[in-house]
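Chains: A, B, C, D, E, F, G and H, in written order; residue numbering restarts at 1 for each.
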Amino acid sequence: MIETIVHLLVLFGLVGTALMVFFFRDLLAATLAAGFFSFLVALEFYILQAPDVAISQAAIGAGLTTAIFIIAIRATTRYEGEESR
Amino acid sequence: MKMSKIVRTGANILYPFVLIFGLYIVLHGHLTPGGGFQGGAVIATGVVLVIVANSYEAVTGMLQKVVFKAQESLGLLLFIGAAAIAITLGLPFFYNFLANSGSIFGLSVPFGPNHGDLNTAGLIPIMNIAVGIEVWGGLTVIILSMLSGLDRKEA
Amino acid sequence: MIGEALTYVFLVIGTAFNTLGIIGLLRFPDVYTRMHATTKMTTFGTTFTALSVVVYAVAMFLGGNSVMFPSLALHTIIAALVLAFTNAIGSHALARGVHKSGCMPEPSVVDRLEGVLP
Amino acid sequence: MITDAIIANSPALLVMIPLIAAFACPFIGRISPAVRNIWVVGAMVLTAAMALLLAGEVLSGGTVVYTFGASAAGMSIPPDSGGIPVRIVFTVDAMSALMQIIGGVTGLAVILYSIASDRRHTGLESYYTLYLLMIAGVMGMVSTGDLFNFFVFLEILSIASAGLIAYRIDRGVAVEAAVKYFVLSTIGAMVILVAIGIFYGEYDALNIAVIASRMQFTLLDQVALVLMIAALGMKCGAVPMHFWTPDAYSMAPSSITAMLVVASQASLYGLFRVVFTLYNVTLNAATVGWIIIVLGVLSMVVGVTMAIPQKDVKRLMAYHAISQTGYMLLGVGVGLAVLGNQSLLDAFGYVAMEGGIFHIINHAMYKGLLFLTAGAIFYRIGTRNLNRMGGLGHNMKYTMVFFVIGALAIAGIPPFNGFASKLMIYESVFMFNPILSIIAMVVSILTLASFVKVFHSIFMGPRLPEYADVKEAPAPMLIGMGILAVVVVLFGLFPGVVVDHLIEPAAQALVNQGAYISAVMGGV
Amino acid sequence: MLASFSVTYLVIVALAVIGLATAAIKRNLIKIFLGITIFESAVNLFLVTLGYRDGAVAPIFTDAPSTEMVMATPQALTLTSIVIGVATSALLLSLAVLIWKHYGTVDTDKIRRLKE
Amino acid sequence: MLPFLLTAIFAFSIWLVLTAGTGDIGLWSAPELAAGVALSLVTAGITRTFLCRSRNFRMANPARWLLMCLYILGPFFLEVTRANLDVAYRVITGRIRPGIIRVSSDLKTDLGIFMLANSITLTPGTITVDIDEATHDLYVHKINLVPGEEKRETFQDSDLFSLANLPAWIRRIAE
Amino acid sequence: MDLIASLYTGSGYWNPLVWLIAIVVVVVIVYLIWSRGESGYKKGTLQTTPFISGNPEPEKSGVHIPGGNLYWGYTEALKGYYSRLVPLHTGRLNDYLLWYLGVTAIIMVVVVVTA
Amino acid sequence: MNIMWMPFVLVLVILVLLALVRLFLGPTAGDRAVSVDTVNTLVVAILILLGVYFKEVIYIDVAIVFALLSFVGTLFVAKYLGGEL
């Protein structure tokens, strides 16, 4: 019972963060939301009994992907809507 | 540019820890959740930690892109080589000829829940090591080349 | 028996501090004060949560259950230590970055750092 | 002894040789460029030899099933799998063998060509690494008998191709083309993964033969089928999803463009494999067949009409590639549309399929040849704009001859190979639906027209002053083009032999699902 | 255990739609890539959910509490997919940086020198 | 050589903790120990220039590690608990008076200042915002300044802690 | 002989060697006719220059028609078609993606409805 | 000894969702980064508790990886915000 509620809450958080990625115009904030999303995905993998996938998702999604997105934002631009130099 | 002294000191202390922990994950790939890719990613993140705490310029002397590139290729060659040894023995590609052989990693594995022994599973730990080396190099190269692409205002 | 009670006590303490931390995150007015509430109090709370697991593991081990529990305790301790270590450095780095980005503490009586360091 | 081992392990070696060569390339490259060139050419020759060897074995002895990590597919069955051979297998039947021949021959020609054409560039180690990865991807895609490995090799192929399209990053447009290609192919590959997941969830298997033997064509299967058709159709450049094709083809280095043609045909192979081997008679053959036919007709018409006003020679050829893909889709689609009906299948279905499949190999050869000639011209004069060319026939005679061979072949002029396959398509499709056949002929005429334009504006006319001292393309490039040209002419002169020995077994292999399943599952 | 099983699939569909919408509607390249990563995560989640069985544990025998295990194959697939995903993201982002260097923009409306 | 050995020992001890409970040589099995030795040497070879970057080998003394454990479990824990309760009170009531103050410290070594800064950061109510690398002055954001404290130009490091003199402990451990 | 086997194409057959022989025969006949023709031309006289309504022959480099000008009439005639088709190739990444997703949706509807 | 872990996990997951609110509201990127950092800590707690609940020791490794690696993401954000990247 409680597991079900926990699971549903995590799923709710997933949709919420994904929507935030969609709506944020500040790309840094969107990247942070994507990092949050990765945490929750890893948690979901963990709940679904896939700890090895959770490790990969934690290392890749939360650590490296956030990092390379931030480097790319630093190299290009931070705000959506002012894409031109 | 460097981050503050506190971060640098912390990163320098954390680096050996991350490295040994990543190697632990790599080597225990057949016993725990983990394996070559996960361990390699952990180690690569450790390298990235050092790079980001110190500046990119400060560490390029110690952490060279060439080394990591070579490491990446070497890991993949090891992987395919380990798979291809079986052909020279007259067995199919990827045949796990080390399993149950009694030599290194050669103990037999009991079926069902057990306590786990490092010295089992044959070719799989070796392939995990190869993949770990490869991922370690590959992900570091990715971050290094992305960082080197940044234009620095203060050179 | 004592182990069980202690586990529950630690769990309740940990969860309570985590809750307070999140309340602080929602209530406080600016980045720095939020950071006070969260990164520290949640670290403390999580450490207590981990401690409860350690207590549980030790109690189970002393009850003669299984050999897996020392390993559980040690790994949990490592997780908690690493968490405390990284969180301290991380929140310092974050505070520094935020201050450098020009986001000054909003309700503030004094800011000795302003304009001191490059 | 050694030859036995090589023959027994040839499917694995086919993928292993390019992979080892690719990853050793950075190390070899440190010794000297000459050694590296020998290394990559040697690896490619070995791969092509292995492909031909394997094809010979398959065509003479039937489907080869190679099992990784065990000596037979069903040797050890895990306790809870319900008797499925869960091993990873390579299943090489006649269709796969055909694609392997295409990959091997084109790959060899292209690498000989790029030894010369890319000599002036830096970073060649990574270029050759990516190139060999591309070869490994194509070879893996066409020989795997396992859906997930298909996805993995597809992704290897996409990543390597994107890297190679953006290879000359000094030109921003190349990066733009790479981004467009890669975003689309990533999403396509992910969609394919969803379809694979659906199969796994339904049938608890990833092996194509196992899934095929259990296929029910439920609603989920229909969804998976559509996802696969759309994604693979996009990857091979069928029309409403073709937009990436001209961008990527025109901006990649010419040698890579010739390989990209092969890559898109590997996707086409995947499409046929899914439709015929995975679903076969369970699917609603008329509907799916007509979907493929409509995609094919649209590709033919839109491709050729968009090609005529182009000014960039490689972009023009890219649109022609789309148009020719339409022929293959048309031929095989007609075969699919009559799949359930044995009498119609015997009357014209097989011939249509043979025409479509024959067109695959013909297209790879002459389109590769045309792209290589375009690259040779670009190599010598540094422009691809048709308006600024002219009179090159005086200086680049061999290139002109190769171009003429390719152009006549693509336009379907006898006695070159394009004519044979197009004739098969026309006549069999005419029996299915005359309008389609007429459209195909009109498209062929327009193709000829547009190649007359290209030929005229590149080679004809007086010697232009700015190109007065242009030299002939270097010898390795000519050798690369020559291999393809010889194949084009030979296939044109002896189409009956090729069809009897190579194409017909391939068409039979596609239609005959039972043989495929029993080849894999026979031992279980 | 998890009665919320079908909800998981609904959420996966929602995530896939959000990811694809981000990729198809937004004009900023980096945002498009974020959408692609979300779509990839949705696919990975789909694969892992396929392998899940009620009351089973991870397919690792080391000190496992029971012998009932979830399917191992989808997890292996997901792992491969994650590996491919990181390579994809890295390549895409470096291409975006190159685009910024050559074009001075990451707006897809302006990155269209190749058309017609 | 010394950095190499120290790093190897550090790594090996972590390995021992991670793999405890696998066998019967003590708590470990023979393959684990062999692998541990090999991997520790690898780790040491790669990271020897990082762990001992400041060429400070004081921490090689096991007594200092014991002292550090005591420090973490004793005064530091006490201080953190006290501060946590304080901040919990502020979270509930919302009575805050934040400000960034300057704290001077007479710790000299990198490790010492690192430990002090982390102690300050981990204590709720204070965060190290920045550090003056030349003079080792810390800039600390404090959540509740007593009225009148904002006038003080510089604080002494021990003023931040009320229950125990943590800087003195750190000096004993790290210097 | 296997090599000269004809290719049966459903309703007929195709043999390129027969075709080649026919072509060779035709070429020989054409050559014979041509060789019987007038051969009394003198190089360098007005006999060999083209007659362009009495105008002087233009320079060779002046008559080269660049590729872009070919088929102008064709595109002009099909203007209605091209003016719709060409703008579809916008070059925008989003459009590419939307086309792909749209086609997937259409095929999905068709297959699921008819099945 | 039978400890009820799940109610505490439930509370922690609800806290994660509350942190989501700050991610959504956060006026500056710094607030969002703080929120993500907090969630990192909370997720480690959840992972430890769930690992014990599932009775699998080896799951705790995932928590260690989490604690180690998301820190790198935080450092990148901090470095970017400080203009030092």
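One rule holds in what follows: a contact is a pair of C-beta atoms (placed from the backbone, for glycine too) under 8 Å apart; a residue touches a chain by one contact, two chains touch by 3 or more.
Remember, predicted model here, so these are calculated numbers, not experimental data.
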Strictly by the touch rule at the top, which chains does subunit C share as contacts with subunit F?
B
Which chains contact both subunit D and subunit H?
B, E
When you average C-alpha coordinates per chain, which one falls nearest the overall C-alpha average? Tell me, please.
E
Most distant chain from subunit H by Cα centroid:
G
Between subunit C and subunit E, what's the gap in Å when you average each chain's C-alpha atoms?
30
Separation of subunit A from subunit E, taking each centre as the mean of its C-alpha atoms, in whole Å
10
Centre-to-centre distance between subunit E and subunit D (centres being mean Cα positions), rounded to whole Å
28
Distance in whole angstrom between the CA centres of subunit A and subunit C is 22
Among the residues of subunit D, pick out those that touch two or more other chains and give their numbers.
179-180, 183, 187, 246-247, 306
Tell me, which residues of subunit B touch at least two other chains?
3-4, 6-7, 10, 14, 17, 21, 25, 31-34, 37-38, 42, 45, 48, 52, 115-116, 139, 142, 146, 149-150
What are the residue numbers in subunit A that touch two or more other chains?
3, 49, 51-52, 54-56, 59-60, 63-64, 67-68, 71-75
All pairs of touching chains, each written as two labels joined by a dash
A-B, A-E, A-H, B-C, B-D, B-E, B-F, B-H, C-F, C-H, D-E, D-G, E-G, E-H
Within the complex, which stretch of subunit B touches subunit C?
3-4, 6-7, 10-11, 14, 17, 115
Residue numbers on subunit A that touch subunit H, as the complex places them
2-3, 5-6, 9-10, 12-13, 16-17, 20, 26, 28-29, 32-33, 35-36, 39-40, 42-43, 46-47, 49, 51, 54-55, 58-59, 62-64, 66-67, 70-71, 73-74
Touch list for subunit E against partner subunit A, complex:
1-4, 7-8, 11, 14-15, 18-19, 21-22, 26-31, 33-35, 37-38, 41, 44-45, 48-49, 51-52, 56-58, 60, 70, 75, 78-79, 82-83, 85-86, 89-90, 93-94, 96-97, 100, 104-107, 110
Contacting residues of subunit A [partner subunit B, same complex]:
51-52, 54-56, 59-60, 63-64, 67-68, 71-72, 74-75
Contacting residues of subunit C [partner subunit H, same complex]:
3-4, 7-8, 11, 14-15, 18-19, 21-22, 25-26, 31, 34-35, 38-39, 42-43, 45-46, 49-50, 53, 56-57, 59-60, 63, 68-69, 71-72, 75-76, 78-79, 82-83, 86-87, 89-91, 93-94, 96-101, 103
